[in-house]
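Here the structure comes first, spelled out in structure tokens, and everything after it is commentary.
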Amino acid sequence: MTWKEKLHEVIYEADTKAGKLFDVILLIVIIISLVLVMLDSVDYLYEAYHDWFVIAEWVITIFFTIEYALRIISIKKPSKYIFSFYGIIDFLSTIPLYISLVFAGSGALLTLRALRLLRVFRVLKLAKFTGAGAKISVAINNSLPKILTFLYSVIIVSFIAGAIMYMVEGPEHGFTSIPRSIYWTIVTLTTVGYGDIHPVTPIGQFVASIIMMMGYGVIAVPTGIVSAEMVKEERLHNNTQDCFNCGENKHQ
Amino acid sequence: MTWKEKLHEVIYEADTKAGKLFDVILLIVIIISLVLVMLDSVDYLYEAYHDWFVIAEWVITIFFTIEYALRIISIKKPSKYIFSFYGIIDFLSTIPLYISLVFAGSGALLTLRALRLLRVFRVLKLAKFTGAGAKISVAINNSLPKILTFLYSVIIVSFIAGAIMYMVEGPEHGFTSIPRSIYWTIVTLTTVGYGDIHPVTPIGQFVASIIMMMGYGVIAVPTGIVSAEMVKEERLHNNTQDCFNCGENKHQ
Amino acid sequence: MTWKEKLHEVIYEADTKAGKLFDVILLIVIIISLVLVMLDSVDYLYEAYHDWFVIAEWVITIFFTIEYALRIISIKKPSKYIFSFYGIIDFLSTIPLYISLVFAGSGALLTLRALRLLRVFRVLKLAKFTGAGAKISVAINNSLPKILTFLYSVIIVSFIAGAIMYMVEGPEHGFTSIPRSIYWTIVTLTTVGYGDIHPVTPIGQFVASIIMMMGYGVIAVPTGIVSAEMVKEERLHNNTQDCFNCGENKHQ
Amino acid sequence: MTWKEKLHEVIYEADTKAGKLFDVILLIVIIISLVLVMLDSVDYLYEAYHDWFVIAEWVITIFFTIEYALRIISIKKPSKYIFSFYGIIDFLSTIPLYISLVFAGSGALLTLRALRLLRVFRVLKLAKFTGAGAKISVAINNSLPKILTFLYSVIIVSFIAGAIMYMVEGPEHGFTSIPRSIYWTIVTLTTVGYGDIHPVTPIGQFVASIIMMMGYGVIAVPTGIVSAEMVKEERLHNNTQDCFNCGENKHQ
């Protein structure tokens, strides 16, 4: 086993002690880097400690750069890693500080580092959460096409309802354009209801009431889809007791 | 096959290449026409490019007019198309610009064009989405009478709760009339909660809390209805394995 | 059949033509009376047409009074009707105008008439809706004790979370008292979110985030309860095909 | 049976009449103490009756102190009670007034008494609610790991979406820092939607719309989880009829 193979085992796998340790350290650095970015975005912390944050961010950027380099070195086909989902995330979350050297004011890009949090899922893949997570994933994946079809219908309804509300309420009551009206419809249909825009005229409130009732009745649909999928999933996995009759364990 | 039959095949069906192409072009024109209407409703775009929008809208209106004429010509019983669901939508989304020639300020009617989006469902009927969509449709159709009965009960409760809140809070806290009070109740029961009207007195907040708890507990009902329907649907369709015993594949 | 028995049949039952007609007329009068009360509560309609509304309301009140008298006359045990659920509603929705003769300013009591809407359920009992409504009723009745237990837990959590938010945010950010704080918690837990009161301090927003996540995860509970009940209901009623083996049609 | 054993029976158990009576009295005192704390937090009641509230709170504190002492005396291993869940709650809800003697302004700690409400669950354990509550508990406990995995994913998505919205909207539209942006994302994803912070720019509203649609589609997940669990629970408990064939009553 060459040093490259050893490195590959530590970085890409988690079967050995060193591999697990690497994953945990990486996780901690990711969380620290995120906390730093978050704190640096708070006004009074920015004023008091910005210089320290910059130093800490450079340390983390260098750490990520080294990690990125090692990942490329230790894999046989570097292109496979570089253009993989995690490869792109690792790249995007490493470069912001280098960019800020060239272009001033691009510090906001540091928030791209939040994408690194997705790696947590990968680290956790190895943990005991897997059982619960796996079942959910299967059920969601199975119901995804149905949910997307559903959301697609919701979007079409939003366009129509948005256009109607634009006609009914008009710009003087906050419905200043059809896109904005559609935004309001989505806010309403999903029962979020900020209240930044809201119907004022009696007719507008009447139409809005109908839209709300629709959203209320219609939220049942994605829920029903996932529920049915989960019930199915449960039945398939838990029914381990073979039927004495036909010896078929999925015979319901 | 006469030219009318050929035209009918292209416009009304989607089995042939020409038919599919026609549907796709129609879909694209519908989307472009909608994007135009949306952009034209945005203030600063209106000021800068309104003239161009008007020209584009005339082009599209003429396109829709031709399409409408061809649909009438190529069908045996024109009345069948004219008074069909899509016939009315096609008509309503074609005429606004003609009306605006006669009556100034009726440009808002252009938003009727959003109704055309419904045609997307028809075009998509032929696509791979159908499987997922069909199952949802069946489940929703089956649970529709139950959901309507439920929404009907919600409306009655809204009337009673609205009348109570009008008495409790009164006009000085935004509950200026019973219809407005009912609007507030629907906003609350559906958990939208804009906050444009909200209880101010302790008694009002107490009654509102009860209404909210009801809305929260009661949202479970449509969800339960659709879930049960979906579970049933899943069971009927997925249980393809015949029971070895009785040879009945829907024997549960 | 005496005239009393005939009257009883017309008023209390709906098997005969006259009985159905009576129910429909009653329903129409109830709806008219409600529309009147609603319109009279609208400012500018009140100013323009209040006198006409008063006359119409007197006509309806007299109609209801006659109906009430006939109901008492035509039943064998008047006390059975008077103290029944619908008897009390009929009484409460009839007297407001008489009270307003004695006490000025008690016109708001007219909104009690909204209670009459509940009678709609009874009239509809005879209609085709029954199938859907009955199934929902059974499922809701069965899951009611569970939902109440759940809502009870939610209330306790609201008290504790309300007390915590009162400590964290305090009166200067709108959390002026513990009851008001509890009101806010209910607004948040049920995902209504008016925004009339909302956390301002970072700690308050953090605690609020936890409460919201709880409300979001916890809304699943009543839904799950009703879903399970509905699935059970569906299975019991739809499984009409006897198992060939054991002849038991509810054997799953 | 010594007096200590008798006392233990009365305080810790509820099989005897005296035990039940003790539980009910305790429950009433807890509720009274809470109502007092709540009322005392209301401005004008505080001004008018604060002195009376203080006296009443001292009476209740002394009652709780005695109860606490008796619980320690009557149990064999006092440490077992003191460090139990209820032991800690009893302690925390008893001491606030004593602390306020030493440190002025610590009156807010009295709200800790709300924790006592949790004891209600224990008292109710003995009541008829148990059936319904137990089933819910089992179903919730079983689905807890899945719901936590789900909420964990929601939190990660909140971080990423929060960071994106901070970049898109920026401090001038209320998204003053990333933590605050994350708070907004949670408010939106859970469909609470206060409206204290809301997107203003078209791009922000577009991104927000996507987040809302996600929250709307995603609320189905915990619901589906609990539903599946409840359906399973129902099936296991209600299927008491043995299959005639195989004599297995859980054979589905």
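Letters are used for the chains, namely A, B, C and D, taken in the order the chains are written, and counting of residues starts over at 1 for each.
Just so it is clear, a contact is a pair of C-beta atoms (placed from the backbone, for glycine too) under 8 Å apart; a residue touches a chain by one contact, two chains touch by 3 or more.
What you see is a predicted model; the values in this text were computed from it and never measured.
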>> Can you give me the shortest step count from subunit A to subunit D, moving only between touching chains?
In response: 1
>> Suppose you list every residue number at the subunit B-subunit C interface; are over half of them used by both chains (same) or under half (different)?
In response: different
>> Test of understanding: which option in A-B, B-D or A-C shares over half of the contact pairs of A-D, residue numbers taken as the match?
In response: A-B
> If you tally contacting C-beta pairs, which pair wins, C-D or A-C?
Replying inline: C-D
> Among the chains, which has its CA centre at the largest distance from subunit A's?
Replying inline: C
> How many degrees of rotation map subunit B onto its copy subunit D on CA atoms, rounded to the nearest 5?
Replying inline: 180
>> Centroid of subunit A to centroid of subunit C, CA atoms only: how many Å?
In response: 40
> If you average the CA atoms of subunit C and of subunit D, how far apart do the two points sit, in angstrom?
Replying inline: 28
> Hey, what residues on subunit C touch two or more of the other chains?
Replying inline: 150, 179, 182, 191-195, 219, 223-225, 227, 229, 231, 245, 252
> Okay, in this complex, where on subunit A does subunit D touch?
Replying inline: 34, 37-38, 41-43, 108-109, 111-115, 117-118, 120-121, 129, 131-133, 135-136, 139-140, 143, 147, 150-151, 154-155, 179-180, 182-183, 186-187, 189-196, 219, 222-227, 229-231, 233-235, 238-239, 241, 243-245, 252
>> So in the complex, the part of subunit A that touches subunit B is made up of which residues?
In response: 145-146, 148-150, 153, 156, 159-160, 162-164, 166-167, 171, 176-179, 181-182, 188, 191-195, 198, 202, 205-206, 208-209, 212-213, 215-217, 219-221, 223-225, 227-229, 231-232, 245-248, 250-252
> Along subunit A, where are the residues that touch subunit C in the complex?
Replying inline: 191-195, 223, 227, 231, 245, 252
